[in-house]
Amino acid sequence: MHDNITVSFAPHISKPLSTRTVMIDVIMGLAPAMIAAGYYFRLRAFILIAACVIASAVTEWVCNVVRKKPFSLGDFSVVVTGIILALSLPPMLPVWTAVIGSVVAVAIGKMAFGGLGSNTFNPAMVGRTFLAVSFGTLMTTWTVPATIDPNMSKISAENILISDVSEFRTQATPLAWSKMAIKNNLGAETYAEAEFLGTVTGAVGGCLGETSVIALIFGGAYLLIRRTISFHIPAAVLISAVVFAAVGYWQDPMTYVQPLYHLTSGGMLLCAFFIATDPVTAPLTRRGMWIFGIGVGGLTMLIRLLGGYPEGVMFSVLLMNAVTPLIDRLCKRVPASGKPKS
Amino acid sequence: MMLSDTMILAGILDLLSGAWPAGVIMLGLGTGFAIVLLIASEKLKVEVDPKIEQIHEALPGLDCGACGYAGCGQYAKAVMEDPELLGSCAPGGSDAQEKIALILNLQVSESGPAKRPIVHCRSRKDQRAFYAEYRGIPSCTAANALANAQACKFGCLGYGDCVRACKFDALHIVDGLATVDYNKCTGCTACSKACPRGLIRMVPFRDENENMMTVACNSIEAGRAVRAMCKVGCIGCGICAKQYDMFSVEDNLAHLDYAGYEPGEAAETAMTKCPTGVIVYRGPSAPEPRQPKEKPAAKA
Amino acid sequence: MVTEVQGNLSFRGGVHPPEKKELACDCAIEPGPAVKQVAVMLSQHIGAPCRAIVEKGADVEAGQKVGDSDAFVSAPVHSPFAGKVKEIGLCSHAVLGRSPAVVIEARAETPPVQPLWEPDADFDESKWSPEAICQAIRDAGIVGMGGAGFPTRVKIEPNRQMPKETLIINGCECEPYITCDYRMMLERANQIIAGVKLVKRASGCSRAFFAIEDNKPAAIEAISAALGDNELIKVAVVKTKYPQGGERQLINAVLKKHVPTGGIPPMIGVLVVNVATAAAIADAVVSGRALTHRAVTVSGEAVARPGNYYVAIGTSVGDLLEFCGVMKTQMPRIVMGGPMMGLAIADMDTPITKVSGAITVLTNKQIGKAKSAGRQTACIRCGRCLEVCPENLNPTKIAHAVKGNLLDLAQSYYLSACIECGCCSYVCPANIEITGYIKTGKIFVARQNKRMPQ
Amino acid sequence: MGKLRYFIEQSWLLIVASFVFGLLLAATNYALEPVIRQNRTDKLNRLAKGLLPAAEHFVDIGSEVEIESGRGQSEQITVYRAVANNDKCVGWSFNIGGSGFADRIDLVVAVDAAFEKFAGYDVLASNETPGFGDKIKNDYYRGQFKGAPVGRLKVLTTGNAEKIDSEIIAISGATISSEAVVAIMNGVVGQIRERLLAEGLIDVANAEQRSQDSNSDTGGDVGNE
Amino acid sequence: MSDGSALKTGVYRDTLLAGLWRENPVFRLLLGMCPTLAVTAAVKPALTMGCCVIFVLLCSNIIVSLMRNLLKPHLRILMFTLTIATFVTIADLILRAFVPDMSETLGPYVPLIIVNCIIICRAEACASKNGIIVSVIDAVGMGIGFTGTLCVLAGVRELLATGKIFEVAVMPGRFVPWAAMGMPVGAFITLGLMLGLVNLTSKSRS
Amino acid sequence: MDTLSALLLAFLSIVIINNLVFTKFLGICPYLGVSGRIDMAFGMGMAVTFVVTLSGTMTYMINNWILIPLHLEVAKYVAFILVIAGAVQLVEMYVRKCFRDLYDSFGIFLPLITTNCAILGLCLFLDLWGVGSLVEAAVQSFGAGIGFTMAICIMAGIRENLQLADVPNCLKGAPITLITAGLLAMAFMGFAGMIR
């Protein structure tokens, strides 16, 4: 009859939003960090990002084909996964390793659970943790940023490199310093003051995307303004991290470094703005988000200060992902007008 | 010879003399536990439903949890309440399954001849009219709640709520019409409860292999409206009722009295005389329903 | 002296869809098409459906009762014009599917109807006893015209268990596109106020608030002017936000009170009445006229002459649209009601009922690409639906529980507390039909409960 | 009476079986026990011998040495004297343990006759992460202990691993396991030395001469590697 | 007569095959997962474990089958447990005496065979109802099925975790071992994926 | 004070760092079987905690006060399992008879636990680790139970969510549970090396 008429449930209009636009926003938010990575680690950054994105996308496509599911690359979520994974890898990581990480991230971390929206754990962090656990040495081999040493020479976890050129003393990563300070009671302040500026601009060793605080703050602010993420999780993560770090510092300033230093070093900001906020693996309710964020920040600092690993972000995110269902259950919403009687 | 014998004997004695404390302690342990458990099982007896007890007995009693329940006792209770859980006890295997089925069947098997589902619609997708295209949730209940995109508000929607309800893979949507595979159907009635339009009704078949005659339509629309909506719907013309007295027309819709139906000449005639061909056989070996007579189709 | 309760009253949650009121807000209410035939549905309200009380072929007069019921929760239906009963048969209904209707063929070319009655500014309601008012409302077959269609007599009649104290007149009209209530407030302010006074008297309410959204300054002015120095009826300006007009939200915004979940407004002594209902009440009580016509907004980008029309109840949507002119190629969806809560219809013969305040014809552009294609992606748990839900529910959990056929889970997330406002589906980036799933879930639950006792 | 009958009916099998199985167990144990004990000493000896090549056999010193194992608890440790062909003491070995990265680490430690220098250690049992902590089994880490002075050892993360002194360079990426090994030694070896000295078991004069021998032995070993 | 024996051989073959695939304890019945996960970091301990299980399964099935007519309901499970514990202790002693290395690697997982559901399951489901021959065949079938799956799992994990199989290097020199596969993560994930694979094959066949 | 903090550390260590499920692979059968719903999982966890504490202390006593002095280590396994089985069965009967409510909430899990290797496994590990005192044995066994409860409740939460997820058919049920457990074990590695 009227063959162009359609019926469906109300509402019949919708906000011009789609999963793709949300993901593109995140990619835009990640752009400053990617650019900073390119600036400090040159071609390596782009190679790794491209490798991770392509490998992730291909993995998802293959999974779709195997399961005879519709093509799902169009939502770009896998691109976000690839980029975040790449940004959390050491610059000199061999490409094949990054590819293994991407495949594990997408195949086991995401598609095994049913694809976008169903995964319990943050896929990028699953991939990264798998790599860290499997290839420990490769994953703790750092390089000097190209702005300091154009050769980007390797520095292994504990070595201090004194570049002839710039007289700039640098070391593996800021977190390796603080870990060493913890071990050797080195009076961390002396380290921290000198290198603080480096962590802000990004001229330090570390994972691709986590070195430049400025770039991360720009990206995070963009996401907040665009309302792609709500402020709850970043705020909770950062505040709880500062509090825990401050407790440590106040306990023993000779052993533990300044709280602010913990905020700017390692993956803390990347985590607060981009990783912990992954909506799929974070709680739904605001109260839940506070708990989740405090958990991520607290566990990160616990691992940094007391644990065996210098950085705790990936573990704390995975651990809190695991309890997200319980948090959601705990913070169940009650109707605005109270629970119904009977 | 002698020597080796004595040596062996000595060896055994030696062994035993070293071994007796272990033997004694195990003896002690064994006796102790036997006493305690037996006394406890006497003193702390708790009354349970004998049927559950029976099922429990049929189960292996390993409390391994493979069934997803906390131990055999729990599983026994659960199976008792929901026989569909039969067969989730891996250790018990088919043995236990049969036994439980036996125990449970004693209670349920007295319901007389099996009723089996008949879908009271025979219209394929290309035989129905549509006002619009449905773009909503692919579920019959959802589509039924909306304005009728498909003109006939009484016939099969084909989004398969019944298919999802059937645990035995006995229902399929064929050309937009729910179709029962009577060889797989167990008569569990799940589908009849799932259909939002109440199209699937349980009908007493007289034996396993019978093909039952039915008026495969559910529409109480006036004949004219039916013709506009569906090529094979019942128009309530009453021809069938004139041929065979088990047919009757009420609210523009013909009904067959299934209990009184006997296969025979009269029924067959009614079937062939039906102008829209809505009287069909349904069953394990039912023939293809015939096409509607050309006249009404041309008219519509 | 006008006492205004100052504005920006609001509730938590909600959305701001594009208003689109500009399409029809300046069109005065005009007479609708003069049709040859109407189909008066025997069930136009919540409650027991009517029985036809005329025979096929009988002659009926304008305003004659053609269907009635003995049930308490029910309202009779009337013929809009003089004519002959052509048939009593099934007709498409936006909610009920195929439902019985009395089809009446006009005897002669009937002129379009305009209610002529215009009360004085100082209308005195004390001439009528509460009982008389209630009886007049019942006889006129008035039901809630704000959408739900609850028989108004039942609603306003005093009830010993739940005494009513506060009356709220719902003039929010928060749905996009719809402007008929707005026009009513502009053009029939006095009639509405008269209706309000009658309702107040009949229900025993001691005070009343006239709630209007702050995007309708003209209506606020008109009503304030018509109220004059009435101390007992105040205008409450509420924030423009969907679903401000939902009665639970409105009560929360105006009175800062919550209607208990699963409860109804009278439980906290509140009565909510739509402006069109109030106007109809005045009409019925004062001039004894039955509810046979109502103002309907016909709007949407695919309509050539959008506007507000005074339409005979029973007119088919097809006739009405033909009258307003639609661009056929551009009309993928015809909605009875507004785009947020309205029901899509397919059969052009579907008649207008007492609750149909609008016909909105949307184009694919308005519907959105994904929605018009019916394409849903996976939920990314972004939480937007939670944030906008005015009832503070967890829409995605409910929807997914229904989808997974876990009704117990859905109910544990308060499935039944949903008011089906559609905010969640509106914001969902994955375009999940959350509201649709919730509605389906409610049907499942109802069916399950019905089966229980057996 | 009936109860007793019931009891016996129900449980005679269990009781008889317990007894029979008890005997069976005991017999097996009796037959295999020496083999098992031999296995253990063999392994200890094999490992110890790898550390003290000059030793011909190991004799335990008769009494167990009691040491403080922290937390106010004490522990008994069997110390073996390594005896060369010529019946001279060429060193000492003992089996000590402590917690590592993942789980307990059990070590066989050998020192020279004078209890002044380590002859090295070997890992008896550990559950450290393969690829990380289990590098404490590798020669290049163990090599640092051959000839290191008995006393407080220190773990550094950087430095020259070739140099034999009290500074042990940790395995990169497994500092914790490295530290664990050193901590086990620091905690125990000194105490054992005290006890042995107190009991006069270390023949200082003889040992000094011996220690020079073994020193050259071990020195040679390190050089060879 | 010959008919009867043919029938019997059929039963025997069926019993044997059941354990190998159709009712494979790990893949199909999901029993005894703990040792399956714990000892499969390498093939050698897996094989040792499998042999222990075969031994215990065989002995306990024989004993239970012999005693089947004497069992009393209340103390039946206790009786099984006692039998199994005895033979596990014997197996443990044998391991310690003759393969001390493996005994150390397996540690407490050998005594844990006592509570391995497979054994008590077979005692209950097969041995306590069948004659001695069927019980023995069942024990062998189940045992080999269990050992086989253990070895397959261990093979995959050992290969990826160390580049070796049965401690013989098979991967090219440039292969970097995936340490994770040797850890609990690897155990769980490999078994999970393998079960998925088994489900897939069995589904496509049916 | 010192012993107290030592006990606390021992407790924490066995709850999160040496978690029985994630590092020792103990109790996997109920972990896979009974983690479908949170209330069931919690009941199971509580029951395990109770039984493991009971049997941990009891086997400690039997081992250190009877078997070792009498040089009867050979009967260790038999004694352990008989003690566990007997104790569990007794407790179950007793609770069922005398505390019906308690029984209904978690007593039903008790029989399931006898054949759970977490219990025997913990007793064996306590023996292997050379736990020094009865109190320590009790604390560690209690911690083991709490660790199990935590692990199974987390898993139950995840699985309740996965009910609604589009998990590939071949991975539904045990496989995806195992994969999740693997990822959980990986996440818990973050605590490694925390308490030395």
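Each chain carries a letter (A, B, C, D, E and F) given by its place in the written order, and its residues are counted from 1.
Note that in this section a contact is a pair of C-beta atoms (placed from the backbone, for glycine too) under 8 Å apart; a residue touches a chain by one contact, two chains touch by 3 or more.
If you're wondering where the values come from, they're calculated on a predicted model, not measured in any experiment.
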Report summary line: Contacts shared by chain C with chain D include exactly A, B, F
Query raised in the report: When B-D is set beside C-F, which has more C-beta pairs in contact?
Result: B-D
Requested in this report: Would you kindly tell me how far, in whole Å, the mean C-alpha position of chain F lies from that of chain B?
Outcome: 40
Report task. Determine the centre-to-centre distance between chain A and chain E, using the mean Cα coordinates as centres, and give it in whole Å. Result -> 42
Query raised in the report: Measuring from the mean C-alpha position of chain E to the mean C-alpha position of chain F, what distance in angstrom results?
Result: 23
Query raised in the report: Taking each chain's centre as its mean C-alpha position, how far apart are chain B and chain E in Å?
Result: 37
Report task. Mind pulling the residue numbers of chain A that touch at least two other chains? Result -> 2, 5-9, 108, 115, 117-118, 130, 133, 136, 308
Report summary line: In chain D, the residues touching two or more other chains are 10-11, 14, 17-18, 21-22, 25-26, 28-29, 101, 131-132, 176
Query - Shared interface positions of chain C, touching two or more other chains - result: 343-346, 348, 372, 374, 378, 433, 436, 439
Query raised in the report: Taking all chains into account, which pairs touch?
Result: A-B, A-C, A-D, A-E, A-F, B-C, B-D, B-E, B-F, C-F, D-E, D-F, E-F
Query raised in the report: Given the complex with chain D, which residues does chain F contribute to the contact?
Result: 2-3, 6, 18, 23, 74-75, 78, 129, 132, 192-193, 196
Query raised in the report: In the complex of these two chains, what residues of chain C are touching chain F?
Result: 378, 400-401, 403-404, 406
Report summary line: Residue set of chain F touching chain B in the complex reads 29-30, 33-34, 36, 40, 43-44, 70, 72, 74-75, 78-79, 82, 85-86, 89-90, 93-94, 96-97, 108-112, 114-115
Report summary line: Residue positions on chain E within touch of chain B in the complex are 23, 28-31, 74-78, 82, 117, 120-121, 124-125
Query raised in the report: What does chain D use to touch chain F in their complex?
Result: 21-22, 25-26, 28-29, 71-73, 99, 101-104, 176, 180
